[in-house]
Amino acid sequence: MKSSTVSLRKQHTEATLLLHCPDRTGIVATLSRFISDNRGNIISIDQHSEDEDRAEEGGFFIRLCWRLDNFRLNHEQIVSELRKMGKKFQWNFDLHYSHEPHHVAVFVSREAHCLYDLLHSQAMGELQGEIRLIVSNHAHLRSVAEHFSVPFFMIPVEAKKKKEAEDIQRELLTSYDIHLIVLAKYMQILSPHFVKNWKNQIINVHHSFLPAFVGPKPYHQARARGVKVIGATSHYVTEDLDQGPIIAQSVTHVSHRDGVKELIRKGRDLERHVLSSAVRAHLDHRILTQRNRTVVFEA
Amino acid sequence: MKSSTVSLRKQHTEATLLLHCPDRTGIVATLSRFISDNRGNIISIDQHSEDEDRAEEGGFFIRLCWRLDNFRLNHEQIVSELRKMGKKFQWNFDLHYSHEPHHVAVFVSREAHCLYDLLHSQAMGELQGEIRLIVSNHAHLRSVAEHFSVPFFMIPVEAKKKKEAEDIQRELLTSYDIHLIVLAKYMQILSPHFVKNWKNQIINVHHSFLPAFVGPKPYHQARARGVKVIGATSHYVTEDLDQGPIIAQSVTHVSHRDGVKELIRKGRDLERHVLSSAVRAHLDHRILTQRNRTVVFEA
Amino acid sequence: MKSSTVSLRKQHTEATLLLHCPDRTGIVATLSRFISDNRGNIISIDQHSEDEDRAEEGGFFIRLCWRLDNFRLNHEQIVSELRKMGKKFQWNFDLHYSHEPHHVAVFVSREAHCLYDLLHSQAMGELQGEIRLIVSNHAHLRSVAEHFSVPFFMIPVEAKKKKEAEDIQRELLTSYDIHLIVLAKYMQILSPHFVKNWKNQIINVHHSFLPAFVGPKPYHQARARGVKVIGATSHYVTEDLDQGPIIAQSVTHVSHRDGVKELIRKGRDLERHVLSSAVRAHLDHRILTQRNRTVVFEA
Amino acid sequence: MKSSTVSLRKQHTEATLLLHCPDRTGIVATLSRFISDNRGNIISIDQHSEDEDRAEEGGFFIRLCWRLDNFRLNHEQIVSELRKMGKKFQWNFDLHYSHEPHHVAVFVSREAHCLYDLLHSQAMGELQGEIRLIVSNHAHLRSVAEHFSVPFFMIPVEAKKKKEAEDIQRELLTSYDIHLIVLAKYMQILSPHFVKNWKNQIINVHHSFLPAFVGPKPYHQARARGVKVIGATSHYVTEDLDQGPIIAQSVTHVSHRDGVKELIRKGRDLERHVLSSAVRAHLDHRILTQRNRTVVFEA
C-alpha cells in the first residue's frame, strides 16, 4: 500500500503561531492587530491563561492561525516583528506553515500495533506531517515498512554500544531532515545526551496510566494490585524516565476476569489510540509546554 | 441546608460577550482592539468558525470575556458601540456581567434526582446563577425545596386547563425576574405559545440518546431493541418536541443483564449529569445557538 | 507479515456448550451433573435468565465450558445425550470444540481500517478462529491481503448481476469451509436469499449508534442534527437492513469543532473497535441470540 | 423526605451463597446437585476461576442464588451441609437471605454529595439494604439526615481521644445491629484496632485513581503532574491506608483548562458514582475478596 503524499486539509496556506508568556493586558489585541494590519485573516484562535492562585508559574498561552494569501510580510519579517513586540511581553514563540509539514521518524522494536496505526493514519491523510523513515533495533517489522513504502533502517542496539547506535540514528535523522521522533513501542531507553537535543520533539507511549505503575511490566503490576481501570499515556521524553510532560491519556475498565494477557490486549488498543492522538496534536501544532505540563488545544 | 448565596468564582467584575455573524476578515482584530482601546483586559477568548463546505450556513462564533475594572464604557455605551460596529459585520450579540448572575426557575414533577443535584450544585457554589423558585404540578417535592430553602409553588396542570396553569407560571416567572427555566423531569409539555417567548431559555433533559428513541418510554424501547449503550440528552426546548438544539449528551454501556429497572437507574445518573452540565454551560454563557445546533465552548 | 496459525489460549481441549430454553427448575443441576458424571471438569459457566415481567419472551441462556481430557463421551454421544435431556427442557444448543476453531471470511470494499485490525488481531493470536479468505468487489485491498498472506478474491458486483456474484461467493465459502462472514466495510447489500442461509453467521459494522441514523451518510446526519456523541454498532445481518441483533456498540464524544471529516475519522476508530469486539465474542462462542436481541457473555 | 422501607426487588425469598476455594473438579456439580436435590431453584450462578499461571494464588469463586420457596432445609441445616461438603473442597462461604437485608451505617464529615446520593438511592429502592444511622464528627450534615429521617449522631473526634470516640461508635454500631460501614467522605482515619474487627465490612471512597496519588490533596497532585485523566476509587478499608482491596474505579478526562477547583467538582461526581456502585455491589452480595483483590460479579 503506497503511503499517500501528505494531503493538507486546508486549501489556503496558513501560518500557525504558538506563543507563551507571562499573563498581562493587551496580548490578544496586539497580536490580532498585527495580523489584520498586515492583511492576514485569522482562522482560529485558542487561548489559555493560568491564574497565579492556580499554579505558581502562571502564564498566558495562545495558538493563532491565519491565512497567508495576501499577507504583506514574509517569514523573516514576521519573525523580526514578533521579536520586537516580544520584548514588551517577554514571549517565546514558534511559527509553523501549512505548506511545510513536519517530517517524522518512527522508532519501533517488535510490536506492530502502533506502527500500523500511524502508517494507516498517514495513508488516510489524517496526519499533518510525513513519516519519512522507520528505525528499529530489530528486523522484525521491515515488511510492515515495505508494505507502506517507507524506508526502514535496522540499527541494533547492543548492551555497551548504545552511543554508536545513537550516532547512526542521529545521522539518519539529519539526512532525512526529521522534526519529530515517535517512539512507537521502541523498547530501548535513549541516552540523556540524545534526549537533550530533542526537547519536546520525542513522543513516547507508556503502557500505563502514569503516574501509576511507572517502570516495567505495568500490566502485571495492575493485575497484582487488582485495579478496575487501566490506562496508557503519551508524553514527551525527558531525561527523567516516565516523568516527561503528559500529552494524552486513555483509560478502559477491566475486571477480575481480565488476566495479564487480556490486559495486554486491551492495553494495545489504548496505546495506539493515545499515541496517535498525541502525534496528531503535535503535528497540528496544538501543544504548548511549560515546565512539566502541556496545554493541548482541542482539534 | 441553607442554599448559599451565589459565590462568584472571579473576584473582578467581568463582561462576557457572545457574538455570532457570517465569517469574514477582521472580526477578532476589531473586537480585541475595541476592548483594549477602552482599557479592558481580555481574560479569555473562544472562537469557532464553520467553513461553507462543512455546513451550508457557515458562520463565525465568539465568546469574549474581559475585566471591567478600568473599562471606560458603561453598559449603554458598550451596547451602542457594538451595534455600530455590527453594521459592517452583521453580527448578533448578547452581553452578560459577572455581577448580574442569571435567575433560574426549576420545573419538576415527582422525580427528585435532578432537583437534588441542581440544588446541591448551587450550595457548593458551582453555579454562576441563582435558583430562585421551584415550580411543580405535584406537591411531592415540596420538602426538598424547603430543605434547601428555595420557594416552592405547586401549580396543578389539569387536562384542559393548561392555559390557566401557564398564566400563573408566567406571572411567577415575571415576579421572580427569571432568565432561565430548567425542566428537571417536568413531565408536562409546555404549549408552543409559552415556548416561543423563551427561545433558548428553557433547558430540558430527555431520557435517551436523541435522535434515537424519541417519544415516551425510551428505556422500554431501548430494552426491546437490545441496544448495548443508553444515553441522555439535554437540549433547548423548541416547539417541536425532542427536536431542539442539543447541548450535552452522556452515554453508558449496558448489557443483556440490564432489565428496564436497571436501565432506568443508570438513566437517572446520566440525566442528572447531562442536565447539570447544560445548566452550567448556559449560566457560564458558553452556549451559542445557530438554527438547530449549538456551539458549546469548554469550561 | 505471515498470519500466524491460530494459537489456542488453553492447552487442554475444551467443549463449549451454548444453550437456550424456557426458564424452569433444574437446568444447571442437570447439565453440571451430566458433565461431572462423565468425568468432565467445568472450567466456566455463564448464565442468564429473563423474568417474564422483564420481557414477554422470558428464557434461560447458558454457556458451559468443560475439559475433554478424560471425558467419557465422544461428539456423537454428547449430542445424543443432550438431545435426550432436551426433550424435557425444550432446549436448543450449539456445541463447539477448542481444537476446531471457526473459519472466517472477511468481505471488504475499499476501506482498510477494519481489515488491518482483524488481520493484525489474528497475527497477535487474539482470535479463536482463522481468517481464511478475503473477498472484495474491488482490487484496492489486495496488497493488504498479500501482506498478511491471506488469499484474496476480487468479485465485482455489477448493478444487475448480484446473483452471479453471490453464486461465486457461495462457492468460495463452501470450498474454504467458512463458518463466519465478517462484513468489514463491505459496501454492498447482500440479497435476502444469501442472508437467510447464514443466520447469525454474518457480522456487519454500521457507522452509527443504531437505531439513530439508519441508512446512508450517518456522519452527515449526525453533523446536521448537532449531536454531541457519535457511535458505531456491530450486529448480525438479517433481511431487514440495519435491524439485526446488536452485538456491540461504542461511542465517543464530539463537539461543534468536529466537521464531517473529523466525525468520519473518529468513526473509523469506533468501527474497528466495535467490529473486532463482536468478532472475538462470536469466535469465543459467547453470543446467544433470541429473536432480535443478543446475550453476550463477558470475555 | 421519608426514607422508604427497603423494597426487595424479588418477590420470592432467596438465598445467596458466596463461596471461595482452591480450583478443582466437581464444585459446580456438587453445589447445584445439593440445591436441586433439596428442591431449590437456581436463579443465577456466577463463577470465576483463576489459573495458576495467571496469579500465584489461583482459586475458584462462585455466587449462587436460589429460591427458598419449597426448599427442604432451614438455615442451620444448609450451613451444616455446606460445612460437611466443604471438608473435601476446603471452601469458605457466606450465606445471605433476601429477607434479611444488611444494615448500614454511613460515616460523614462535612461534605454532603455522597451522603445525598446514598440516601436518595435508598429512597428510590435501589439499595438491597437499610441505612440505619449516620455518624459524623461534625454537626454540619444533621439537617440532611433529618430530611431523610435517618438517625444522626455527632461524635467529635479529638486529637488524642480517638479511642473514646471509637468506643462510642462501636456501641452505636452494636445497638443498631450494623453489618456495613460506609465512609462517605469521613475525613478521619480509623484505628487499626477498629478496622480489624470489620474486615471487608468498611467501604471507603478515595479521591484519586489508586495507586496514583495516595495520600492527601490528590487533586493538587494531579494538577501539578499535569495528568489528562482523573479518577476515584472505592475500596475496603484495611490497616494499610489506601491499600485495601479495590471494588470500583471511575475516571474522567480533564485538560489544562481544569484548575484544582474544577478537578474537585469533577471528582465529586466520580466519588459518589464509585461509592454508590461499591455499596450496591456489597449489599447485593456480589463481592468476594481474596488477599488484596476483589472479584465483583456484574449486577
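Order of writing sets the labels: A, B, C and D. Residues in every chain begin at 1.
We take it that a contact is a pair of C-beta atoms (placed from the backbone, for glycine too) under 8 Å apart; a residue touches a chain by one contact, two chains touch by 3 or more.
Keep in mind the model is a prediction, meaning the values are calculated, not measured.
Q: Looking only at C-beta pairs in contact, point me to the busier pair out of B-D and B-C.
A: Comparing B-D with B-C, the pair joined by more C-beta contacts is B-C.
Q: If every chain is reduced to the average of its C-alpha atoms, which one ends up farthest from subunit A?
A: D
Q: So what's the Cα centroid distance for subunit B and subunit C, whole Å?
A: 42
Q: Can you work out the whole-Å distance between the CA centroids of subunit B and subunit D?
A: Using C-alpha averages as centres, the distance is 37 Å.
Q: Could you list which residues of subunit B touch at least two other chains?
A: Expected reply: 48, 255, 257, 298.
Q: For the complex, which residues does subunit D have touching subunit B?
A: The contact residues of subunit D facing subunit B are 1, 9, 112-113, 116, 120, 123-124, 126, 143-144, 147, 255, 257-258, 261-262, 265, 268-269, 273, 298-299.
Q: Quick one: which bits of subunit B touch subunit A in the complex? Just the residue numbers, please.
A: 25-30, 32-33, 35-37, 41-49, 298
Q: So in the complex, the part of subunit C that touches subunit B is made up of which residues?
A: Counting only subunit C, the residues touching subunit B are 48, 50-51, 54-55, 61, 209-213, 223-229, 231, 245-251, 253, 255-257, 259-260, 292-296.
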